[in-house]
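Take a look at this one; I'll ask things after.
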Amino acid sequence: MKLVYFAWLRERVGFGQEEIDLPQEVSTVSELLNWLRSRGENFEEALKHPEVIRVAIDQVHENDLDKNITSAKEIALFPPMTGG
Amino acid sequence: MKLVYFAWLRERVGFGQEEIDLPQEVSTVSELLNWLRSRGENFEEALKHPEVIRVAIDQVHENDLDKNITSAKEIALFPPMTGG
Amino acid sequence: MKKPVVQIQQDNFDVGLEVKKLTNTSNNVGAIVTFTGLCRDEEGLLSALELEHYPGMAENEITRIAEQAIERFGLSAATVIHRYGKIETGENIVLVVTAARHRQVAFDGAQFIMDFLKNNAPFWKKEHRLDGTTGDWVDAKDIDDQSLNKWKPVGKN
Amino acid sequence: MKKPVVQIQQDNFDVGLEVKKLTNTSNNVGAIVTFTGLCRDEEGLLSALELEHYPGMAENEITRIAEQAIERFGLSAATVIHRYGKIETGENIVLVVTAARHRQVAFDGAQFIMDFLKNNAPFWKKEHRLDGTTGDWVDAKDIDDQSLNKWKPVGKN
């Protein structure tokens, strides 16, 4: 599975994308966020304000933290958008 | 005093403008409209639907039929506007 | 207060050029809205519209409306160009351009100008039909009148 | 349903050209509205904005929003162009063009697209300051979130 990060979230994580194998105990968005936080200080810092983390599954916005992600190809994490 | 007519009102009157001397008994918008109607069939036809006659005094819209017009230089009569 | 640019002319206008003029007025403009009104063929009925106007009053009335919009919404700039004479279907009739720091203000300013222009600017349209006949004078629409209702009077300060 | 034109690009766009493209689609278009979003200098603080985007999703999300606008308001046509990369103050960032028979529809369609684009299109802005330092990431504004409230869901027919 591909994980991609944007804007200050990318800067805090330290890179823009990575390929991961989802651990067996991770099957929802909120479980993914918890697992990522355990991967180091950079992720802890990047994800410390969950209320400003937006998630897209296969390039579609996903607001439901309980959404199953096991069949996703690409999950993106980013701050609230400021285009336009 | 100059009177000017526009659109179908101009077509029904038969000309676009004229110079007139305001009769002594005419001092308001509604008195002007009544006097004009007495000037011939063309004016009678042009002014027969008072609800669709708009009036401008010296190039400013005037909704008050009792407005005094004796010091006006130019009075315009026209149908509802359809610009834009 | 910034003065609006108001032009009443027979010639066509260039939307891109008028936008560029307002873009360069300040680096603190964040939003430009344009409205272009065009001559519709009304499902193939019309070949053109003939626009009659009241010279002098047309400029004055549109200037007054644009000045009100600049003051009420705090626009950075506003341009209004209205054509007269014979205008073929598909051609431009009227252009409104508003510039502001933020988008809602630019949108509101442009809509305000168009709503009042429709009701108060002394222009009248006569139809030229594709079959060669001269058609009717276009009727004023109730909907244009109603569109003023959304601009309730604001208290003076 | 007419498909919107959506472009995500580094290069600038030409407002006049995009308007002309929609003008020529039909002689029954009576109204064209454009919205141009520009890079403000924030009272002399900024020299530029760096726009980061999510390739693929940016196109998809804006296309979805523009298609919704076309269907909901019955637009004749819609174009959205959004730039990315480094954009100097005074330069264009985003363009929305809507065409319709009547003006209220064109205005509503353009505002709808901008309101949803602001909240849902995956773009992020980072400040470049005039003093040479790299500034903050621009914060999302509550007002952009609230601006969605005016577009209440409509019943399906």
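Which chain is which? They are A, B, C and D, in the order written, and residues in each are numbered from 1.
Note that a contact is a pair of C-beta atoms (placed from the backbone, for glycine too) under 8 Å apart; a residue touches a chain by one contact, two chains touch by 3 or more.
Owing to the predicted nature of the structure, the values given are computational and were not obtained by experimental measurement.
**Student:** Moving only from a chain to one it touches, give the least number of moves from chain B to chain D.
**Tutor:** The distance in steps between these two chains is 2.
**Student:** Give, as an integer number of Å, the spacing between the C-alpha centres of chain D and chain C.
**Tutor:** 22
**Student:** Quick one: chain B and chain C, Cα centre-to-centre, how many Å?
**Tutor:** Chain centroid spacing, chain B to chain C, equals 26 Å.
**Student:** Taking the mean of the C-alpha atoms as each chain's centre, how many Å separate chain A from chain C?
**Tutor:** Computed from C-alpha means, the inter-chain centre distance equals 48 Å.
**Student:** Averaging over Cα atoms per chain, report the distance between chain A and chain B in Å.
**Tutor:** Roughly 72 Å separates the two chain centres.
**Student:** Specify, in ascending order, the residues of chain B that touch 2 or more different other chains.
**Tutor:** 84
**Student:** Please list all residues of chain C that touch 2 or more other chains.
**Tutor:** Correct list: 37, 103, 114.
**Student:** Every touching chain pair, please?
**Tutor:** Those chain pairs satisfying the definition are A-D, B-C, C-D.
**Student:** Quick check: in the complex, which residue numbers of chain D touch chain A?
**Tutor:** 37, 51-54, 56-58, 60-61, 82, 93-94, 114, 117-126, 137-140, 144
**Student:** Considering the complex alone, what residue numbers of chain A touch chain D?
**Tutor:** Of all residues in chain A, those touching chain D are 4, 6-8, 10, 56, 59-61, 76, 78-84.
**Student:** Quick one: in the complex, what on chain D touches chain C?
**Tutor:** 14-17, 19, 23-24, 27-43, 89-90, 92, 101, 103-104, 106-107, 110-111, 114, 147
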